[in-house]
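Here chain A shows up in two complexes: once beside chain B, once beside chain C.
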Partner chain A sequence: MLFYSYFKTLKGKEVTVELKNDLAITGTMHSVDQYLNIKLNNTRVVNEQKYPHMMSVRNCFIRGSVVRYVQLPPGSVDTEILHDATRREARGG
Partner chain B sequence: MSEAGLADLVGVTISVITNDGRNIVGTLKGYDQATNVILDDCHERVYSTKTGVEQLVLGLYVIRGDNIAVVGEVDDELDSQIDLGQISAAPLKPLAH
Partner chain C sequence: MATLNGGSDSDQLFGLDRFTAVSASGEPQLGEEDEELAASFQRVVLAVGEDSREQGTGTLYVTTRQIIWCKSLAGGFSVPFDRISMHAVSQGAEPVKLPCIYAQLEASPATDDDDSQEGPNDIRLIPSDAGCLQDIFQRMCDCAALNPDSDMEGDAEGNDEFYYNEEEVLAGAGADDRARTLESLDSMLQLEDGVEDEDEMADGDLEAHDVSRSAMCMQCWFIAQTRGYKYSVI
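So, the complex of A and B:
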């Protein structure tokens, strides 16, 4: 649940989600759920020339299972806090 | 859009990209927590580098969630401005885990 909580803090931020089919979608993080499915608003596909498949899509739902990377805005992650939290979770509480 | 889930897309035209790289466009009739989806009046848009986009009529489809990568809300106005016959691109690659 830790990364679910972390992704929730990114709401409203601009992220780029790279999928396992090499498609990369940039948009504003709208919401995330327990499966790490991500909803983006105001989306654009990176390299639209090569990938015109989503030209008429401006809001989308990305299934968590197909996400390869989430590229974060600079400064949006406090690694110290995340380190501590992951260690705490690994110890079981 | 509401919180996670597809609730606010019911009744709306959506574009589904499947794990094998197909693109299916239709009206969302229903969905569940596994992202299984019911699409009405749907068609497949077949991309190719040789010709423009071809549209194949499919009708009513149920797509299993396991096989879904992206569900996009189609902006009907933007979509009507696009001349699909003039668009040529390689099909999307299938998912590679």
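So, the complex of A and C:
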């Protein structure tokens, strides 16, 4: 549950989700669930020339199991939050 | 390439399955495994492939297991949620200029070794009433969340003990325990770089929170490996 807890703290932040089929989508994290399904708003495709049909997509739902990478905004990687999350998880909370 | 996929005798069309279980009243017959109809939307055009070949106007059914598009009593197409990689609201762009639901599908396992299809399996669902796009999108989100991959079930619990000895983490492990734990984690990691660092950790000058941190890293790494995810910081 650690990733789930952590990703929840990224709501409203901009992330880039790269799918296993190489499609990479940047957008605002709208929501994430326990299966790491990710909903993005205000999306744009990193490689628009390769995926022109994605240019008109503004929000999307990405299945957790097809995610290869999630690129995080450096300013949102709070090691203290991660640390606390780890402790909570270790306590079974 | 595209012409290979449009044959009417094929069981697959861009990742979609043929769907023929239609009752006399035109309703799709759902499977038995707690499948329920979540919503249906009339007058929806299905288009498939990069060139968006239209398959006609039909009714879209969103169930708790799959989406089904039927154009007549003869049936139509369906795809289970666990093969929908992503879906999105498109405001209209080439080749379909109308607002639509755009989805990428995984190929059915039955056609995994069929290399006649290249690139993603694109489908588009174009409702005549664009006002229901958000509703379709949300229903698909809700129902997709009900269908996690089977190998991810139970991940939320039960695995913790394997990675953590809770008391060790909270109280600080003895040097022997730490060394043993790190050794076992090392063997899982098969580190090439950073082995020296791990050895230093085993030498035993760690604070409890460092053990906690290393356990977290190990778990992150392991979850990432088992799920095939990788996470990076840009």
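FYI, the second predicted complex is superposed on the first by the 80 of 93 C-alpha atoms of A that agree within 3 Å, B and C clash if a C-alpha of one lies under 4 Å from a C-alpha of the other, contacts with A are read in each partner's own complex, and residues count from 1 in each chain.
Rule of thumb we're sticking to: a residue touches a chain if its C-beta (ideal position, glycine included) is under 8 Å from a C-beta of that chain, and two chains touch if they have at least 3 such contacts.
Since we're looking at a predicted model, the values are computed, not measured.
Student: Do chain B and chain C fit side by side on chain A in the superposed arrangement, or is it a clash?
Tutor: clash
Student: Regarding the shared-chain residue A:Asp33, is it in contact with chain B (first), chain C (second), both, or neither?
Tutor: both
Student: Who wins on chain A residues touched, chain B or chain C?
Tutor: C
Student: Considering only the touch criterion stated at the top, classify A:Cys60 as touching first (chain B), second (chain C), both, or neither.
Tutor: In the superposition, A:Cys60 contacts both chain B and chain C.
Student: So, A:Tyr69: does it touch chain B (first), chain C (second), both, or neither?
Tutor: Touch status of A:Tyr69: second partner only.
Student: Contacts for A:Asn41 in the overlay, against chain B (first) and chain C (second): which applies, first, second, both or neither?
Tutor: It touches chain B, and chain C stays clear.
Student: Is A:Asp78 contacted by the first partner chain B, the second partner chain C, both or neither?
Tutor: After superposing on A, A:Asp78 lies clear of both chain B and chain C.
Student: For A:Ala90 in the superposed arrangement: first (chain B), second (chain C), both or neither?
Tutor: second
Student: For A:Lys50, select first, second, both or neither according to whether it touches chain B, chain C, the two together, or no partner.
Tutor: So A:Lys50 only meets chain B here.
Student: Taking the two structures together, which residues of chain A meet both chain B and chain C?
Tutor: 19-21, 23, 33, 37, 39, 43, 52-63, 65-66
Student: Can you list the chain C residues touching chain A in their complex?
Tutor: Going by the criterion above, the answer is residues 50, 82, 84-95, 102, 104, 106, 120, 122, 137, 140-141, 144-145, 148-149, 152, 156, 160, 164, 166, 169-170, 209, 212-213, 215-216, 219-220, 223, 227-234.
Student: Can you list the residues on chain A that touch chain B in the complex?
Tutor: Per the touch definition, chain A meets chain B at residues 19-23, 25, 30-33, 37, 39, 41, 43, 50-63, 65-66.
Student: Touching chain C in the complex: which residues of chain A?
Tutor: 1-4, 16, 19-21, 23, 33-37, 39, 43, 52-74, 77, 82-83, 86-87, 89-92
Student: Inside the complex, what are the residues of chain B that reach chain A?
Tutor: 1, 3-6, 9, 15, 17, 19, 21, 23, 35, 45, 47, 65-66, 68-76, 78-79, 82, 87, 89-90, 92-97
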